[in-house]
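After this come two complexes, each holding chain A, first together with chain B and then together with chain C.
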Partner chain A sequence: MSTTDAAEESSSSASTLRRGGRRFGDSLFSVLSIGSGLLIFLTLAAVAIFLTNESVPALLASEELAGFLSNAEPDFSLISYTAPYIFGTILAAALALAMAIPVSLGIALFISHYAPRRMAAGLGYMIDLLAAVPSVVYGLWGGIWLVPKLEPLYTLLNETLGTFPTWPGFVPWVGGEPVVALFAGDPTAPMNNLASASIVLAVMVLPIITAVSREVFLQTPRLQEEAALALGATRFEVVKTVVLPFGRSGVVAASMLGLGRALGETMAVLMILAPGATFSFHILEVGRHQSIAANIASRQAEASGVDMSLLIFTGLVLFVLTFIINAIARWIVARSGVKS
Partner chain B sequence: MAAPQPINVDSLNIYYGDFLAVEDVTVQIEPRSVTALIGPSGCGKSTFLRTLNRMHEVIPGAYAEGTVEIDGENIYHPKVDPVNVRRRVGMVFQKANPFPTMSIRDNVLAGVKLNNRRISKKDADELVETSLKGANLWEEVKDRLDKPGMGLSGGQQQRLCIARTIAVRPEVVLMDEPCSALDPISTLAIEDLIHELKESYTIVIVTHNMQQASRVSDRTGFFNIAGTGKPGHLIEFDDTQKMFTNPENKQTEDYISGRFG
Partner chain C sequence: MNVRSNKIASLAALGLVGGLALTACGGGSSSDSGSGASDSGANGGYAELTGNLPGAGASSAQAAQTAWTETFMGLVQAEGGDLTVTYDPTGSGTGREQFLTGQVQYAGTDAALDEEELAASTEVCNGEQAFDLPVYISPIAVVFNIEGVDSLNLTPEVVAGIFAGDITNWNDEAIAADNPDVELPDLEIVPVHRSDDSGTTENFTEYLSETAPDAWTHGPVETWPISGGQSGDGTSGLISTVEGGNGTIGYADASQAGNLGTAAIQVGEEFVSYSAEAAAAAVDASPREEGREENDIVVELDRTTTEEGVYPIVLVSYLALCGSYADSAQGEAVKAYASYIVSTEGQQVAAENAGSAPLSEELSSEAQAAIDAISVG
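What follows is the complex of A and B.
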């Protein structure tokens, strides 16, 4: 302390510097940044409170849930209504990611480490464009153009693999089916099934995962790559020993961003999927699945009272689901983070 | 194995795109000896060094013209795969660069495991031990081989990189200012190591430290540039003893006396 005082006395110019205080721009900037941080928090809180609040009627009215959504079913409950949509949402998103992640990583690596520079720039630009296409356009394209094209593929998969993997699998707690066989069942045209919805979802999340992964791969320290090259690594080995380990947490983060979009994507699913509410793993069958988001969008116009409350409750579930997935993603990123 | 042959560099021009960085180098590097490259910064020492294992060309647009013969084979022959060259000519960088996600053990084995070469656990253990011993690091790390290589001190990391380089049993080891980021004690440790390594390897080391060049090397090459934007040239190449006491070339003399005086 005494040294500071001494310094202050000995040098008046230093003290003018110090007392000059924060400039106007600085204070404005800090108010703005704190303000926007607060705004994000308040918006999130407002959404959470709204969802919880509006779900209360449905949560309390265990017997009086008899709106039109209940369809006069005897065992109708909050859970029996929501569970198939949770199942449909997760299954669609999981399939979409399973298809999108490998392709995205391939494209990202190609752009970052294989393509000549000019080609890489062009490809990167195209990926960004793809990310900017509105989902309703994907919905139209998927529903009208893609679905008929997929019919022969589905028939082939159904005939060849549909009977093969009948391992005893996950038995859901409400009215599920005892076997897991993705391509089994009885697909009928038009193929507005979960497989089609998932493929379009995959196309939609592909640009996000690709763009983020590419950024991460490009940040691989040059020195690390040269270390591998100098040991006699081929380009593929550089990717394997340096680029992928370095980018691992980034790829997880990218995939989770994609998963977030796949879980919440409404329009494309709505326009492609013929809905149903079962726990079927037969992704080629039509009228078996529905996602939470698409269900809300398709029902909210006609719903009111307890039905609306029920729909909002499913929205709350989706909200919590994305929260949990984000938390898991953060955990994975933190755990696998490279210590530098 | 046949007696090791010298590295023959003939009329080598080295480019970054249109820019001629190093011009017309012709030199013979003795096997199983230490050759030091000195000169002011920017004169092309690193650039030249990196042409000896074809690392130069990994920079976009960079290429070299001329020939570099190692073991009687021109490594710039169109049929030669640079990957194979780099397995025979190892490299240690200015800044230690162990693989951050790997343990000490895996770092040493990294080069051996490339290209899906299989190695039994026993052979791997042996190789890790001999390589770390060869890099004078074994005693310091033998109890924590499974700990990350990044946890070591700077000097230890650099010796780990040397262990990783010699684990693939190269013929030549290139070093680009390997001690410039190290404290004097670690520097001495590496210089001692270089003395031992020349029994088995041909070593070419770039250094900005002339005392170091005179301590570790048998032969010394002096690079210089006429000015910025001009290409670097190998001005003089001779026994270290002679270069530091009685150089032929005026530039060499100026450079050496300037730094020492």
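What follows is the complex of A and C.
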């Protein structure tokens, strides 16, 4: 008896919900979703305002503005302080991408088109797991385990490609310098250099690029693939003529996601790299490079006043840099989308 | 990195503190039991202590502060009190800032409060000035990693020359002259510095600039002045960099030196290895900084001393306290905690956990007198 009562009650309340609640649910949902959308804007705006606002003391005290505005003695130059870190950030991220993209594409294609189904599932799971490892752990692994292992490789590269071949002496600017300048210089152990940091960064961005590329490759229209096979294409030709062109914009988007992570990565760089502020391309040399994010992390503990403001200014620069790179990525994706 | 996560944790804790501190204010039933705490231990009169005591500051003294807060809270609890003492290693500058804005009740700092800060302190210190007490003396060791070399004698000029980059090989004559018994290899010297801003760097460079001004021309600095070269983030980062290379040399808190070789430094005619006693002797041999209040104990380290058995590369970390606390519960808690820190027992705890050098009895009793003079309520 009581069960029927309860059933009746619940059915009637359900119908009330359906009748009167429908509108309420709809409006609640639309408020929630609009709110969430706005929240993103607000958060972004809050960060931007914070960065800009807190950078003002550094801007006012800088060589670029202080001499201009008043007679105050300028403490530092914003450009010469920030530029080497921008260079270091971009170089590290670019090297990481250069290493990670080919490997990621290989893994993604293997999973989507070559591996047996069960193996593909397992492999995909492992890649996702790799993405979940915190960067501190990567930093520890890189700093303690990987760096000593890389030493023989670096020495070899430095002694071979780092010295030979060289540009002919009559070439201006670089005459007599090694052609592969990346490996030149004078590395000293332990190899806490940009190359080590980039390798660890590459490992970190690998799962992101792989996961996104894999999803895109799996979306390739089955009919197109089968048509290619019917025309006598080998599996490699199918990949080359159907899968890759179809997935190109997706791969670009994936790489940009990876680049975003590489640009902003702090902990791993901080723990591996022995920093320095120069524009050197010698990635095996220690104490030549530093990324913006790692510099902020290493200096913020003891910074106060204008020094803190200066660090926040570099944060603003990184913010803008990431913004620009995202815009470029969107432009590339949009353009290639139109083409196909 | 745990510095950063601690920061978040203690921020959260601070939020709680706000609520609890209010409760603590109401029940501030305090007698003058606080000063009795100097008699270290059994009858500390800790039973009345309640509430929260947040502090922040230098990361150099973090290990010692952690040991102090934990053992002190244990003592209080054993007597039936309920006090939570926290220390947030935000760095000296931030710690002083938070202290002067009243966010924390005490601060740890590698540099004593300056005149401006002392003047500003009256606002949060119930009308009286804040003051500094030396509580943590830590020798800075010159550590090296050279295959086959266990001991080294170095003069200040040689140390400065190495870190300035003028002496570049271990078989340099300047090094060999003081090490007749050591077979020095033909090996490149790799100096390793701290990549982050650090009180250790500041004390080390201050030592170099005072003892070898010709070889070290960069002055005392918190940020390593020479671009490039090997470095490590934090003491542990520096140690692992020194360990990871061959022919490396660096400077670090002596308690963290581990298995690395440590150099004996020339003082007067002798070469002195670091030890807790030699570091404490350096502080004792140094005069007090002039122009400060009686209770504001700041040591002007005499780096150029030639006295026997003194190891002059030391870092002194201070405790900044208010001369007066409006909230009596908090005031009593501060007095009890500070008394514990400067007591023989507290200093022993720091020596065991952080490898610091205990304060001399004279300094300890002077500090205790300054703590007793804090007015409460």
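Please note the rule applied: the second predicted complex is superposed on the first by the 284 of 340 C-alpha atoms of A that agree within 3 Å, B and C clash if a C-alpha of one lies under 4 Å from a C-alpha of the other, contacts with A are read in each partner's own complex, and residues count from 1 in each chain.
Here is the rule we use: a contact is a pair of C-beta atoms (placed from the backbone, for glycine too) under 8 Å apart; a residue touches a chain by one contact, two chains touch by 3 or more.
Because the structure is a prediction, the values reported are computed rather than measured.
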Residue contacts on chain A - larger count, chain B or chain C: C
Touched partner set for A:G287, first chain B, second chain C, both or neither: second
Shared contact residues on chain A - chain B and chain C: none
Partner chain B, residues of chain A touching it in the complex: 117, 221, 223-224, 226-234, 237, 241-242, 245-246, 338-340
Residues of chain A defined as touching chain C within the complex: 136, 143-144, 147-148, 188-190, 192, 267, 270-271, 274-278, 286-288, 297-299, 301-305
Chain A-facing residues of chain C, complex: 1, 3-4, 59, 89-94, 97, 188, 190, 195-199, 222-223, 227-233, 237, 240-241, 244-246
In the complex, chain B residues that touch chain A: 53, 55, 58, 60, 83-84, 86-87, 90-91, 93, 95, 97-102, 110-111, 114-115, 148, 150, 161, 164-165, 168
